[in-house]
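Chain nomenclature is as follows: A, B, C and D, assigned in order of appearance, with residue numbering initiated at 1 for each chain independently.
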Amino acid sequence: MQADAFDYRFDVKLSDTDAAGVMFFAQLLRHAHDAYEAWMARLGRPLDGMIRTGSLALPIVHAQADYRLPLRHGETVIVRVGVARVGPKSFTIDYRFTTADNRPAASASTVHAAVLPATGETTTLPADLAADLAALVRAGEGAG
Amino acid sequence: MQADAFDYRFDVKLSDTDAAGVMFFAQLLRHAHDAYEAWMARLGRPLDGMIRTGSLALPIVHAQADYRLPLRHGETVIVRVGVARVGPKSFTIDYRFTTADNRPAASASTVHAAVLPATGETTTLPADLAADLAALVRAGEGAG
Amino acid sequence: MQADAFDYRFDVKLSDTDAAGVMFFAQLLRHAHDAYEAWMARLGRPLDGMIRTGSLALPIVHAQADYRLPLRHGETVIVRVGVARVGPKSFTIDYRFTTADNRPAASASTVHAAVLPATGETTTLPADLAADLAALVRAGEGAG
Amino acid sequence: MQADAFDYRFDVKLSDTDAAGVMFFAQLLRHAHDAYEAWMARLGRPLDGMIRTGSLALPIVHAQADYRLPLRHGETVIVRVGVARVGPKSFTIDYRFTTADNRPAASASTVHAAVLPATGETTTLPADLAADLAALVRAGEGAG
């Protein structure tokens, strides 16, 4: 509906599954990160450029996931990416995973700290990035 | 151009790369298999159904890859999937990887044997699958 | 020191790292699960047997991780596996990751539900498994 | 028996397997590379240092694998690493995978080119590395 709603879609591939017949739990977080990268690129902030220039790193300092449904081989999954929180030195992205018939399958979140690659020290988020992310929190909350 | 030409597209994600800054070599074969699955689904032979029913397995008995260009984080890659050979009990799929500006980046092939899951014995390819694949070899050769 | 202390050791391989030069965050959870499997095997409850017989599944319903230090290519990491909690239908495993020189690098936990594979329904933990795990919680607390 | 014989051992973890119940084929090449890294470290040439200093890169330009036995979850696998060939600008490593009861399970090889990271150009192998590798080819051939 709104410009900042972002859905990333993937199919559960054989390479995602394990001998129990469903997606291996850590692959959900890999797909969350793949979705985050696609989302950042759409915001005009591709991660590959950021890593190559070495200007700023946004390493994950916390990650969590809740699994509601087994995700089976061949299933289509939609990931809705959103901004949950923006702080002075970090922000939180959340991910809602639904099946093609719109059943909630899983949710996840990742907390990213702003770090200066040269020293490894945490730093304040650049003002323009913080503003962009903050605008998306408001939009996500429907308070726009 | 023709109905059976099949291109699978992916972006090199951070999860594909390694500390040398480019795609880790084994990830190319993972992407080849992801492309093969998408291609088989389009042929009306989704692998997940085949594995779930346990009627036939098509395990890889040989795989190889040649790497021409480093594939960098953020790069878009196109995989052209084709049938290289169909034998009585096995077939060979090949994969040509190109960059978005059409430079050859890598090639790969996988040889799949027909196996009865219950016993692990090799078997002859089902006639309809062999015929479908053989038609695609001819098409690929431009002799159609 | 005590029989139930279990340390799992791995080296950060190139395949674990990403273009930012350190271990990709989801790989930490993969290593946590590898450590959990080795630990379960040592308890006499190898996961592969459990999955093959289909008697009981212990899928992860929640996972989380906190990252304190970047884990660099070539670094040796020790994972201390422990039982954090045992409930009637689920249990929580925790993981402390330290570097070879004993600096805390990360921590993680996974919550496993007891599920009947045939139906997908949650069930009570088998009494012997619950007792074994509960004994390890006590030992871990040093209240033995 | 001899100093340069090098065996790398791993257990097939759930994270290695797929919904067909056995190790996903590309994971064999990941384990081959993990074994290569451990072997290079034992030769006194750890890859992480080489990548960090940026003095020389040894990217894989060709990889291949033959799969003889399905590798099942929980199985112990031994990888014998050896030097197959040393050329002026590249070398070939081979890998023989056997089960714990010594059945041949798979084989693989990787061809590594010497490349200058700064320019991406191929270069001649440093004389000391070429000599070390060549000595191992001779040893492997039993012609020592």
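Methods note: contacts are C-beta pairs under 8 Å (C-beta built on N, C-alpha and C of every residue); 3 or more make two chains touch, one makes a residue touch a chain.
Computed from a predicted structure; not experimentally measured.
Q: Any chance you could check whether A-D or B-D wins on number of contacting C-beta pairs?
A: When B-D is set beside A-D, the one with more contacts is B-D.
Q: Work out which of A-D, C-D or A-B repeats the contact pattern of B-C, with more than half of the residue-numbered contact pairs in common.
A: A-D
Q: Hey, how far is the Cα centre of subunit C from the one of subunit D, in Å?
A: Roughly 29 Å, centre to centre.
Q: So what's the Cα centroid distance for subunit B and subunit D, whole Å?
A: 24
Q: Return the distance between the CA-based centres of subunit A and subunit D, expressed in whole Å.
A: 34
Q: Pull out every residue in subunit A that's touching 2 or more other chains.
A: 14-15, 19-20, 22, 24, 26, 30, 33, 48, 51, 73
Q: Please output the residues of subunit A touching subunit C within their complex, sorted ascending.
A: Residue list for subunit A touching subunit C: 19-20, 22, 24-27, 29-30, 33, 48, 51, 57, 59-68, 70, 110, 120.
Q: State the interface residues of subunit B toward subunit C in the complex, per the touch definition above.
A: Residue list for subunit B touching subunit C: 14-15, 17-22, 24, 26, 73.
Q: In their shared complex, at which residues does subunit C touch subunit D?
A: Residue positions touching the partner: 11-15, 30, 33-34, 37-38, 41, 46-49, 51-52, 72-74.
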